[in-house]
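Lettered A, B, C and D in written order, each chain numbered from 1.
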Amino acid sequence: MGGSGYAAQELVRLVAQHPHLRLGWILSRSHAGQSLSAVYPHLRGLVEGRFGSPDELVDLARSVGVIFLATPAGFAAEQAPALLERGAAVVDLSADFRLDDAGLYERVYGRPHPHPELLSQAAYGLPELFGAEVARSRLVANPGCYPTAALLALAPLAAQGLLAVERPVVVSATSGISGAGSQPGPMYHLPVATENVRPYGVPGHRHTPEMRLHLGRLLRAGAGAGTGAAGVELAFIPHLVPASRGILATCVAGLREPHDTDELTQRYAAFYREAPFVRVLPPPELPETKAVQGANFCDLAVRWDPGSRSAIVMAALDNLVKGASGQAIQNVNVLMGWDQTAGLMGAPLYP
Amino acid sequence: MGGSGYAAQELVRLVAQHPHLRLGWILSRSHAGQSLSAVYPHLRGLVEGRFGSPDELVDLARSVGVIFLATPAGFAAEQAPALLERGAAVVDLSADFRLDDAGLYERVYGRPHPHPELLSQAAYGLPELFGAEVARSRLVANPGCYPTAALLALAPLAAQGLLAVERPVVVSATSGISGAGSQPGPMYHLPVATENVRPYGVPGHRHTPEMRLHLGRLLRAGAGAGTGAAGVELAFIPHLVPASRGILATCVAGLREPHDTDELTQRYAAFYREAPFVRVLPPPELPETKAVQGANFCDLAVRWDPGSRSAIVMAALDNLVKGASGQAIQNVNVLMGWDQTAGLMGAPLYP
Amino acid sequence: MGGSGYAAQELVRLVAQHPHLRLGWILSRSHAGQSLSAVYPHLRGLVEGRFGSPDELVDLARSVGVIFLATPAGFAAEQAPALLERGAAVVDLSADFRLDDAGLYERVYGRPHPHPELLSQAAYGLPELFGAEVARSRLVANPGCYPTAALLALAPLAAQGLLAVERPVVVSATSGISGAGSQPGPMYHLPVATENVRPYGVPGHRHTPEMRLHLGRLLRAGAGAGTGAAGVELAFIPHLVPASRGILATCVAGLREPHDTDELTQRYAAFYREAPFVRVLPPPELPETKAVQGANFCDLAVRWDPGSRSAIVMAALDNLVKGASGQAIQNVNVLMGWDQTAGLMGAPLYP
Amino acid sequence: MGGSGYAAQELVRLVAQHPHLRLGWILSRSHAGQSLSAVYPHLRGLVEGRFGSPDELVDLARSVGVIFLATPAGFAAEQAPALLERGAAVVDLSADFRLDDAGLYERVYGRPHPHPELLSQAAYGLPELFGAEVARSRLVANPGCYPTAALLALAPLAAQGLLAVERPVVVSATSGISGAGSQPGPMYHLPVATENVRPYGVPGHRHTPEMRLHLGRLLRAGAGAGTGAAGVELAFIPHLVPASRGILATCVAGLREPHDTDELTQRYAAFYREAPFVRVLPPPELPETKAVQGANFCDLAVRWDPGSRSAIVMAALDNLVKGASGQAIQNVNVLMGWDQTAGLMGAPLYP
């Protein structure tokens, strides 16, 4: 549901190559009744048929296994109970279930959550960090693209009690413009956006509380090894760059003790040993967004910077894959008990 | 063999998702002994191992089914006999076997062909047009990227006797810069190449005789329906555009009689009815290179232009896939008697 | 007038560095009353003040020397008489006065011209070819960006009777996306438009009759030296490329006799000896759009192609400068009797 | 001297439009004897003549007013004394005179400085912050592109004693690829670099000590108003983005007290009241690199981020203009006692 956007396009591409999933219906308010190939020129000859109408959604919930909601804010919050009741599992790509606290949700989104009782039932679908939750849930809140990058970058430090929590963590990130969605606008018009870099949403981007919340959960989990700190301050500065896809998040975090780059790299590699989509790069390699283009990987590198007593952690992922639709498929794999890599090991498109 | 170039990278990507092919060895003169992931950062975690040395090539020909040669001009011409003798099928991505006439080869490439006797045994590997040849050959000359686009665009006109052969055909094409190879150079340096369009190799690009030769074969095949003409003049003007991938070839061809766009479109659709990789677009759609990015499709649209008494045919393909490595895999599929789409129906990456 | 578009932005930039022009008012329907720097972030600190309203236009015509109209189709046709009456010279950047024949105008634009009597008074403002007209006119029709490139490329052939008029001329051109204007739209959304090339408006782009008309005038002027032919057929295929600025037009024209590249190059250099903005490149150099970025040059190269008995002429210009606002300033220079290069010799921005 | 690089190209462009400067000679080791327009295609018709040889340099120092050195590391350090002795002022665009301490120079560059006695005579040519030094010097160390952005962004905080010096400042910056110079290389090859973002030089980029040194000078100057702190820790992470030009530096700095965005913006505006090239943007505007493309501006915006008790300061400049050649001209203007804006108020190229 929400078939006109980039997340839906990418879901269609990924479902088409998945061994266990079969595409049932694609619903779209704006394109209901149109043929798929008129809207998605690249899918001609691969996926045929027409867009259905959102009116069919609740009925379909009885006959399908999984419903992906790639819908505007608020839609999933309203519709999820009816879908779950009828037996479908729901993966919500919007932000409606990412915050587990109704009060925080209201402060961030400016309206009360219509079904606050569901917030605690929703799993935060970052399987590398919260996979057990996902495995036992029927409602998955698919994380934001920036939080996916930042949390994978910072988790080994937070969960092992290494962070100096008295210093704010700084997350400076760039995103390709597909991250802003498929709706044209002056800032995304190619003549303006090419050869241009600009920050936006500073401060106060809605992904900031999402990052802080789940980073706090990791910190508390790591408290046995560390200080027991309850949270961490965080500055998040997103930027648009002239590319279609790709997030590069650079995180600077004070650590409680000096480390060195090799030791930190080994910690990261150990932390993600069971995580096939997280590739920890050996020095001197550094992530680049093109190396994950079209694929479900998140590439990480960590450096100890003695000049600022900080760990610098850099993460690259494709915002439409690991940052959205690929992760949604990965969540379904976990939810269904399939191999989490099923249908997701296609190689990145490079160069 | 030739593992450091873009064609080889793309072969590795495509072989990895092929149901019947398994990657054996990747040989590279410049990278022999290095690990694959150090050279191909995007393939980390997908393809492990090290580059072999070209010295192993001839011996390997006894134990592998197919050898892809993505080597500099002249290498395949020298090595092909030894490889064929040892039992391997050979798909040559260089230009060594694309011209069937030793005299023409020498005029174009400035040196005699070392094995002219093989020229007539090599199939010109454009399966939509010359599939029968490919099916019975053990040596396939994989076509150039521009000739693939131009020949698919012009074949329905040539093979059905519609061309007004007294007028030169004009092929004006743009290519992403990966078409120039992986070797950096001043014209491909991003600060110079971004926001820039430039023609090059005008006149006299080496793909011109390749186009003319095979277009002439199609014309002769169509002579029953047409004039019996032996050849056609052709102006070919390639341009570099600021993109990694994608060829857009625009062909302007005088026709013997007036036509209309719908009729021409129907002819094209009929001509390519059995060709799953050629997508003939219904008016008013026109091809765009992004709609084939990473995929083995060639998208075509045809228009009748009364103001110039011409058919205007536009073709889009990914120069590294349908213009090189995807087509090489397609040739292997045909050669082996497999479904020609095996491993090649991955969706384009869009946007 | 028409201050929100790219042509107006570029006029402001160029007027600011002109020795004789001083910016009076910038009128805009959509931005009336807003400060300039809120709309043009790059002009902060350079040009202050607010947009005026279109209602002021006619009154201002009494107090200003020149009015630039960068307005939607039809506006200039309606308003020009009132402006001219009040004493202002008018440079119209829209297409309203580019066709000298009211019947042709109606066929192309689908409505009758409101002031057909002005069509013959308007000069076609391509000073290198029709400078005498411009010098004695008070109403200048500033040419389209593609016609400027194509006419400068073909004029030496047409005006010297070299064209084989029985063969259509083919003009295949690429444009940066600023040529489509400042209004965002799905085809210009960066995620879609980057790494993408696509033809559009094939056949029947509105610049085709403009090219044919003025090429016909040059042909008739050259008839003493040639055949006396009245016109030429022309196929025009425009393409969008992933860049903000720059047109590269490649023209293929049959010639009546064989020539060679050096002789043609010398003819071009001689033809444009007095034209400081036309740079005829010596072989083996070829034009590139970045070499004219931000500047009023049109770079040309010509090649004889024996394989198609054609001259291939390639032209590069910046669509917003020589293709629009720079040429408008050049027309004012000519109209006012100033040096035609006044304020226009700023170097291109490279790389 | 150093005429083959981008800094030299840009100097030529800017000198050509300067009211008081006249280009004398362009010397280049690699291009000596070649015509300028063969190397700089965009300058054809604007600047004629040939490259001279470096052997002429010392002699020329008697007859010219200013010598710009855009040479590899070490050249200026060797040659400066001979040039200064012969009467020329020297603006060095390399890093040879940017560090005022011979010991630090040796630690950073790995070799002793050949003329340490000159280090204290060289002015650090950031006229907005150290203009008095420049005015009385004959040897100017033109700052690095990143330090220019970071120092202009942080100076109002440092010089007014607002920084919480116990917290490291974080500078995360992106640069267009022209910042890496004109030499092609695998990371700058368009197919690899387009649609790609990557960090590099982490940690330990050579601009880090340059930033720390001069930020420390500002801190000490601000000590009367503040804490008297002697220095600050700094993490600097540069990234390459797919663009030719433009630096966007995002600086996150802890402040000693809470502030608010409007108050900080007013402080910045007041601090730079006399600095025509620094444009402090009023909220909610944020800098973008395209708004300074080709121009000598540095655009700044500051925000108070309560969630991290930090000021977030974002700076945009064109690395080849305010980050190199434009600043070099500005330094000459100051050195000569001319208006510092002479020849430098050309508008940015937008879009």
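The rule is short, and it goes like this: a contact is a pair of C-beta atoms (placed from the backbone, for glycine too) under 8 Å apart; a residue touches a chain by one contact, two chains touch by 3 or more.
What you see is a predicted model, and the numbers here were worked out from it, not measured in a lab.
Which chain has its C-alpha centroid farthest away from the centroid of chain C?
A
Quick check: more C-beta contact pairs in A-D or A-B?
A-D
Give, as an integer number of Å, the spacing between the C-alpha centres of chain D and chain B.
It comes to 47 Å between the two C-alpha centres.
Between chain A and chain B, what's the gap in Å when you average each chain's C-alpha atoms?
Each chain's C-alpha centroid was found; their separation is 38 Å.
Give the residues of chain D that touch two or more other chains, as numbers and ranges in rising order.
6, 176, 178, 182, 189, 191-192, 194-195, 242-245, 288, 290, 293, 351
Enumerate the contact residues on chain A facing chain C in the complex.
Within the complex, chain A touches chain C at residues 6, 176-178, 182, 184-186, 188-195, 242-245.
What residues on chain B touch chain C, complex-wise?
167-168, 170, 172, 174, 176, 189, 191-192, 194-200, 202-203, 208, 212, 233-235, 237, 239, 241-246, 248, 250, 252, 254, 286-290, 293, 303-310, 312, 314, 316, 351
Taking the touch rule as given, give the residues of chain D at its contact with chain C in the complex, in rising order.
6, 9, 12-13, 16-17, 40-47, 178, 182, 194-195, 244-245, 276, 279, 281, 285, 288, 290-295, 297, 299, 345-351
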